[in-house]
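Shown below is the structure under consideration.
Order as written gives the chain letters A, B, C and D; numbering starts at 1 within each chain.
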Amino acid sequence: MQPDDFQKHSVANTMSHDLFAELMKQFYELGWMRGSGGAMGCIAGKYLLVSPSALQKERIHESDIFAYDLQDKTCNHGASHSKKFTVSSCAVLFSSIMKKTGSECVIHTHSKAANLITQLVKQDTFEISHQEYIKGVYDPFSGANLRFDDTLVIPIIENRPSESQLLEPIEEVLQNYPRSVAVLVKNHGLFVWGPTWEMAKIMTECIDYLLDLAVDMIRNNLPLVREEASSPEKVDYLETVFEQ
Amino acid sequence: MQPDDFQKHSVANTMSHDLFAELMKQFYELGWMRGSGGAMGCIAGKYLLVSPSALQKERIHESDIFAYDLQDKTCNHGASHSKKFTVSSCAVLFSSIMKKTGSECVIHTHSKAANLITQLVKQDTFEISHQEYIKGVYDPFSGANLRFDDTLVIPIIENRPSESQLLEPIEEVLQNYPRSVAVLVKNHGLFVWGPTWEMAKIMTECIDYLLDLAVDMIRNNLPLVREEASSPEKVDYLETVFEQ
Amino acid sequence: MQPDDFQKHSVANTMSHDLFAELMKQFYELGWMRGSGGAMGCIAGKYLLVSPSALQKERIHESDIFAYDLQDKTCNHGASHSKKFTVSSCAVLFSSIMKKTGSECVIHTHSKAANLITQLVKQDTFEISHQEYIKGVYDPFSGANLRFDDTLVIPIIENRPSESQLLEPIEEVLQNYPRSVAVLVKNHGLFVWGPTWEMAKIMTECIDYLLDLAVDMIRNNLPLVREEASSPEKVDYLETVFEQ
Amino acid sequence: MQPDDFQKHSVANTMSHDLFAELMKQFYELGWMRGSGGAMGCIAGKYLLVSPSALQKERIHESDIFAYDLQDKTCNHGASHSKKFTVSSCAVLFSSIMKKTGSECVIHTHSKAANLITQLVKQDTFEISHQEYIKGVYDPFSGANLRFDDTLVIPIIENRPSESQLLEPIEEVLQNYPRSVAVLVKNHGLFVWGPTWEMAKIMTECIDYLLDLAVDMIRNNLPLVREEASSPEKVDYLETVFEQ
């Protein structure tokens, strides 16, 4: 049975500069982008919009957003600001994730739960099963969302001194976990990608809820995965299918 | 003595599309409807309004809300959206709860406390006594609100892969716990119903407060129910009375 | 040395219906007045304004506020609503506290920390010393604010089935703890009073911060009172002075 | 390699009375300035702006802000209020920090995490390494931001009865920890300074996040500093360089 009540396809709300800035503010208020941290990349028509680096995310103006013309390969950015700040160092990561997964939006957050869970979980994946919010996460392999009793698997990678150095380990993740739509970076945060900005945002909220819940579950000695959880298809098989 | 200071009858603020969307946004901000989760159903004159599935609850427009004409049995919904998303899969649950309890409003939330308490409590009911916020909960049997020293009992049911599959266990709850105005779903969330939207909302806030408090009480080894708590009338008796 | 940086005298912002409703909304957002709980009473010129009972505190309109003419002893309240709801059952408590202490504002909140601390503290007073926020609390005996190294003492009373039944124990508190500006009610909440609405609000925020902090301190086995804390003057002496 | 993605130089948004009041409100909402606590000092052209003492920080009007003319040594403050409240007792601290460090902005907050961490950490410094948010903190010695694997060191000083009495210990901190941009005051709060208001605000958010995270790490027995953390340059050496 197909999980219900979570978004399966795009609703036609095109990303705009205005909406982009509004979302940055919302993500700040959710505690995801404090201290100028966090970033978003999103396709908007023929542009790739990327948040600026080092600016307070709740105070971003439309003219602060970097817009890359995907056809002309030029950057259409308010000239008045061009020398004062630069595009998020996540841009190269976003671009790679989009190319390799076909995603149109990547959100990078710094919530406390995302950080803490990478310290509490001792394996190199975060796994949780039998949670309603798992149904909010898209499975790029089946094209459907996960089931309530599926095990959601999010790989955890080591942090690096510079965000651009995360490119290699993230590309490895995309290779080794083709069913994943997210990666956790130790003592740092979370990346989530999806076919549309709505799905990327909804999945980020679902995953962040699950990470926050998991921190409390661990504190209360509650197991994250139930024994009877359905096993995800073998990764080996998936790799064969996804290999290009 | 009748508990005081909590709402006992309806104040005449009719539900409207506008207010419905405003409440969705408020529930999102309370942490109840993250990641497109959660739902509400509410009678508004001759219509039953139900939230859409899979849309971000803080961004719902009036035209996104499904309106069922209770007389004509038709659905009056903005045609422009009709193919893009569907009514909440809770609609069938809401409809059943309303019919069986005479409630005009049902709220379904996904707060972290509601989820966590179902994992911490090992019985199939959540019980708490001697809390001021218990006075905010309506007792459909007596027609009055509960007393401070009453034991509030909320049944807990297992989650199912699909929300529509919760219909049977929820109907059992309505049968077995006719004095209850709420049900907890394991690893999922909370349903609360009431005679008016105000009472349903107020009771949801009171119950969510109590669940959140109970998580902390358990963490601090504080008992949820005091020995001298007044026993609720026998359920057997109630069933006889409510049997139709 | 006189503690600095906290308010010692009134700033002339008169309470109005508009401001009253705005504060209710703010208190709701602070988590103090969820589920229609909590209340405020405040002198505004020749009126005593009191919040209505059972209404959602974040949605109170100016016409919902009860205004008692202190000279005519009449209640000037929007007639259109008069049958639908009643004044907060705290009104009698507020009135008594105001008369006995000369306060012009009383705030009654239901924060989770205020509730939890009454369960964690086993004596009949909450005591804390050596905290900066203690300097935000007014000492009606000295006319100055407390010092950083003073011990703030807040009596804790048992809850009663009805709020009006709290009158007697609160009057006892005013008698026995004349230096106190607050009282905690077990499993219920907090009452704070002050010479002006600004001072009552500021003290409620300071005390709520300290209660919330104390819950975490207890969880971490940190003592709330340091041995070298300055002893408050003997209550016996104070009682003699305050006796009327 | 230079840490990326955090602000390294000023973006030309001049501080104004309007923005100052807006930031106070934001800091209140972040939980940093409850109960009239907290303060900010900031250079705005030829003025030093300082928040008023004892006023509710979320309700500050532009005319409430104290403006010192740095050339004329006069205070340009709305006369209508002048007798009703006074400048923050932090003003002397802000002024000293600015002179000794060349900072143009100092923010003083009262978050619960800042208070709690001073009670949980038993040394006289808070230290943390291997956290992404460390990259958000400026190192006045190197002129660059810290690296992910650097150890962030924040000195902790004892609180004093009056804020002005903190002048001496803060000046000692500036002498002994010239690489620090912050100081924690026990059972009180945090001071952070930076070359611009944006950097001071961003660093306050980064540090507050780290303090809040550290409280949870300690609760979960996770070490704050990894053994392989890069050692900060010897303080002895730094003192020689900075000695004037």
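Here is the rule we use: contacts are C-beta pairs under 8 Å (C-beta built on N, C-alpha and C of every residue); 3 or more make two chains touch, one makes a residue touch a chain.
These are the chains along with the protein names UniProt gives them: A, B, C, D = Class II aldolase/adducin N-terminal domain-containing protein.
Predicted, not measured: the structure shown is a model, and the values here were computed from it.
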On Cα atoms, by how many degrees is chain C rotated relative to chain D, nearest 5? 90
What's the farthest chain from chain B if centres are computed as the mean of the Cα atoms? D
Chain A-chain B contact: same residues or different, taking over half shared as same? different
Distance between the centres, which are taken as Cα means, of chain D and chain A, whole angstrom: 32
For chain A versus chain C, what separation do you get between their C-alpha means, in angstrom? 45
Could you say which residues in chain B touch two or more other chains, in rising order? 219
Give the pairs of chains that touch; include all such pairs. A-B, A-D, B-C, C-D
Using the touch definition up top, name the residues of chain C that touch chain D in the complex. 1-9, 11-12, 130-133, 136, 147-149, 198, 201-203, 205-206, 208-209, 212-213, 216-217, 219-220, 222
Sort out for me which residues of chain A touch chain D in the complex. 34-37, 39, 53-56, 58, 84-85, 88-90, 110, 112, 115-116, 119-120, 159-164, 185, 187-189, 215, 219
